[in-house]
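You will see chain A twice below: alongside chain B first, and alongside chain C after that.
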Partner chain A sequence: MNFKLISLALIGVTLFFLVLLPFFGSPYSLVLLSNIFMYVVLTVTWVMFCGPTGYISLATSAFFGAGIYTAAVISFKVPLLLTVLVGALISFFLALIIGIVSLRLKGIYFAMFTFGFVELLLHFLLWYETNITGTTGRVVLTLSNQTVYYMMLALAFVTIVFTQYLNNSRYGMALKSIGENEMASEHIGIDTAKLKILTYCVSSSFVGACGVVMATRWTYVDPKIAFNPLYSFIPIFMAILGGARKLYGPILGAIVFTYLQEILTTRIPYYYMLFFGLLMVFVITFLPEGIVGIIDRRLKTKIN
Partner chain B sequence: MELLKVENLTKSFGGLLAIHKLSFIVKEGEILGLIGPNGAGKTTLFNLISGALKPDKGRIFFGDAKISGLRPHKICKMGISRTFQDVKVFPNMTVVENIALAATFARERIPTNEAQRLATDLLRFCGLIEVKNMLARDLSLVNQKRLEVARALATQPKLILLDEMMAGLNPTETLDAMRLVKAIRDRGCTVFIVEHVLRAIMNLCDRVMVLHYGEKIAEGTPEEVCSNPKVIEVYLGEKYAQN
Partner chain C sequence: MVTFLNIFIGGLLMGGIYALVAAGLSIQYGVGRVLNIAHGEFLMVGALITWYLFTIYGISPLISLILIAFVFFFFGFLLDRSLFSRLRNISPSVAAFEANSLMACFGLQFVIQNIAIVIWGAELKGFSYMASPVNILGALFGANRLITLAYSLGIAGIFYLFLTKTRYGKAIRAASQDIFAANLMGINIKFVLSLCFAFGALLAGTAGALISMMYSIHTTMGMEYTVIALIVIVLGGLGSITGSMLGGLILGIVGSIVSYLEPGLTLVAYYMLFMILLLVRPTGLMGRGS
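Our next item is the complex of A and B:
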């Protein structure tokens, strides 16, 4: 009870500080934090579905790209919030398609399917742009740093609250049971197909919304920028770094990773990916449960 | 009163005929035993009834409702529950979580406190109260098997399918398991049990059915079945008959 109060107070203070930041923070801090929020959304939504069920989705960049492209196509014509909603909806339906088609795929097959889906979308759009519309890229509406910051803060907040709520509900437990033994969970009355697909769709729509907002930072996008497969892999790295067992794991992973990336791209621009490669190898070998694992072990030894 | 009716059920895997034109009924309130050599199609039959597999031909009725072709979660909600030969507990959940999850999903909108009460009742019923907060993967085999039974009962079934729940248990544990099966029936749940432990089948079952290569070769009281020459030939062996 005490612990819960303290953490609630901490969250409240952090949130208060974050909401007021644009009034005293530097423009750079807003940009950096928006970036962090983006990765928090991508990572937390990835863990929302893939963490408990054990299904490895590599389609994050498809949903992210769908959001970016939605922004590119309609951001000048309709209000921002509507664009966000449309981006979320399109990602929802893309996830629905993936979910229905790949329902029976497990393990590596599901991962390969989702990865292939991103490539399919990318090349379909490239073909469409060159052959039908005759364009090669699109200009996106530009928003102020402050607007992007607040949108991303809100989105990250909603994502985290939703995930927390889901994890504590009976559906969170049911998702976990799918990862533990899918056949058994079907046999105790859980509609595993529906639960998997719905969770996947909802988590993906957050990614789509995120894509819409972040697209406004690029001013110009083409299919190759929008559907960059890196956005499928980075959230997984972040989840591994932070540890996917607890909700604060992916959040911490996203924060640490994004911050490191910021520093390293300026200090060692040519070798920073090398550093991340080494970091990943180290974390997977020695910290299979990520940062969460270290903190948990510390807490346990303290209690004992 | 027939609870489950199977008509002309057929299932093959590639060229292998696992179940062939099988018809039988399960009566309400009985303990029906199913025996047969390995590969006779016993587990396949359970998979067909529980919805894990779809039959090629034939129909299965539960009460008045046709259930063949339905998905497992639907069949579970209608009142058929099962355990697995190769234990399928949720290893990283605690014992009580395993049971409570089944209780909350098998019936629509069961209140949390009622699910908790049911879980506690089943912990006691299956002798798991002392290990209730342990992770399922840390349990001994016998307790994992008990947990499977408890989880199956948490869905409040009218019919429970028990697939070799006594395999790998020592004599004392087998006796306990037999007591548990009797108690399940006394709770008002019909039992359909696959078992190689013949002593258990003889003691527990009201009727026994024998499968061989997917076909029913005998059916009747345990005594009738055991004196059936065909059953002795394919399953029990001459030695058993002499005893």
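Our next item is the complex of A and C:
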């Protein structure tokens, strides 16, 4: 038995278990797992683009919010799958706009630009909603826990498979070479601008789709809920927590994070953000390689 | 004519506040490469301490200001020594350090904000101090606003002299140009970087003390000011004190014009300006070419 077969079998069993869960699991387990899938999608898509290239995007909440708002505007009028598709498309085009105008910005400037983009969108929408449409919030179609669960499971699965495929393809290699030396990769014939923008758009459309599905859980949204900048930073934190070097790192980070959040919000509701802040500072200063780093070190010492 | 004066002088006074809010972040990022997202939280703590001392003990905000300056300088110095110097050691490159310190500051923002909420709660607070109106050519402004403008111009002047005339000022300027070379020239880089972060904290805290005299304050206000500071330093050029003064004044006047025309779009106008500037001239109005 080789390593690849074992891991494939493991993934198959897990997937089988997850698909059958709604038939025997408690409603709470479905809600918790849907949350985990949401964070897995947000984190893995962030790592898909930002991991290899080294660009720090703080616009995740713009794409997530675009999905949420799509659901708020059209979820009562069209079938669910179409809403998801529209949400994904809108995020795709938002990312295209950001990509075209800003990907020549380097380092911290790109981070600031994307951060500003979210705020611009939020404040424009706030102004538009209060002055033009005269609404302050919108109601979203509510779905059953089971529907949300299956949608999120499918989305998380597709995201992970796509990222795995991308990482091992020549496009993934090209992205990595951009992260190492952008000018050199341009010289060896990689169309860096096109590749960067396309990857950014595709990864963002997953986030938009995720926003559409998760919006149905909130029933009521307003611009401040939809475009909360927290959703830009949390995925980065989860990626750091898990370790961004391997694909299972961000997934692990998302699972640990969601579970911790679940425990802490019920046990210490007034201090849990404080705890997260401390955890964040701790992980960044003492575990820069995340959980994956620890596992790798353990494995290496065992082999030696 | 009075409307014009109102807009212009109002913008100028607002700009003074913005410049002060941004000056600290400008030093922290310009020299230390720490894009301190928690900058607004330092400001918030400064404002709430001032409010607390004034309402409970009746201590004048101008005395608290001096107190806060010392405490925040010390605290900022310690924070750089403990947290950011460690991050500098473990980060393989400047870009990695910028990313790490950005995320660490984001965590710090939660820590500071939530400690403040535990201590002071989350409701709106405020007091009025020296709010008596002053007549400038027919337009009326609160005396505390004039004091703030005077303080921020004074601070800018002192910093300018400090940076150009003293040895440590020269060391800071050298470090902001090329950390590696400055280190080779025998400058104690660790000390200089901690000094810069400490100055940034000092400026944030005192700005908070002044703001508490004019506006209502609350424990969740930090992010607004961080964002303003970010816009101003991009406008003026990262790491240039005179640039952030100029940027603050420009932003103040733009804000004052837009809020006269369509109050709801002030922030939208700020972000538009911010993003256009990032695209057209990312080094800012006074920044050095890249």
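Methods note: the second predicted complex is superposed on the first by the 303 of 304 C-alpha atoms of A that agree within 3 Å, B and C clash if a C-alpha of one lies under 4 Å from a C-alpha of the other, contacts with A are read in each partner's own complex, and residues count from 1 in each chain.
To be clear about the criterion, a residue touches a chain if its C-beta (ideal position, glycine included) is under 8 Å from a C-beta of that chain, and two chains touch if they have at least 3 such contacts.
These numbers come from a predicted model, not from an experiment.
Visitor: Would you sort A:184 into first (chain B), second (chain C), both or neither based on which partner it touches?
Guide: A:184 contacts chain B only, not chain C.
Visitor: Quick one: is A:192 in contact with chain B, with chain C, with both, or with neither? Answer first, second, both or neither.
Guide: In the superposition, A:192 contacts chain B only.
Visitor: Of chain B and chain C, which one contacts the greater number of residues in chain A?
Guide: Of chain B and chain C, C contacts more residues of chain A.
Visitor: Given the touch rule stated above, what does A:117 touch, chain B (first), chain C (second), both, or neither?
Guide: second
Visitor: Of the two partner chains, chain B (first) and chain C (second), which one does A:285 touch, if any: first, second, both, or neither?
Guide: In the superposition, A:285 contacts chain C only.
Visitor: Output check: A:248 vs chain B and chain C. Expected answer is one of first, second, both, neither. What do you get?
Guide: So A:248 meets neither chain B nor chain C here.
Visitor: A:174 in the overlay: touching chain B, chain C, both, or neither? Say first, second, both or neither.
Guide: Once the two structures are laid over each other on A, A:174 reaches chain B alone.
Visitor: Once the two structures are fitted together, what part of chain A is touched by chain B and by chain C alike?
Guide: None.
Visitor: Which part of chain A faces chain C closely enough to touch in the complex?
Guide: Of all residues in chain A, those touching chain C are 54, 56, 101-102, 105, 107-109, 111-113, 115-117, 119-120, 123-124, 126-127, 130-131, 229, 233, 236-237, 240, 270-271, 273-274, 276-281, 284-285, 288.
Visitor: Which residues of chain C touch chain A once you look at their complex with the stated criterion?
Guide: Residues 35, 83, 86-87, 90-91, 95, 98-100, 102-104, 106-115, 117-118, 223, 227, 230-231, 234, 264-265, 267-268, 271-272, 274-275, 278-279, 282 of chain C touch chain A in their complex.
Visitor: Within their complex, state which residues of chain A touch chain B.
Guide: Contacts found on chain A: 170, 173-174, 176-177, 180-181, 183-193.
Visitor: In the complex of these two chains, what residues of chain B are touching chain A?
Guide: Of all residues in chain B, those touching chain A are 50-52, 71-73, 76-77, 81-82, 84, 88-93, 97, 101-102, 104-107, 151-152, 154-155.
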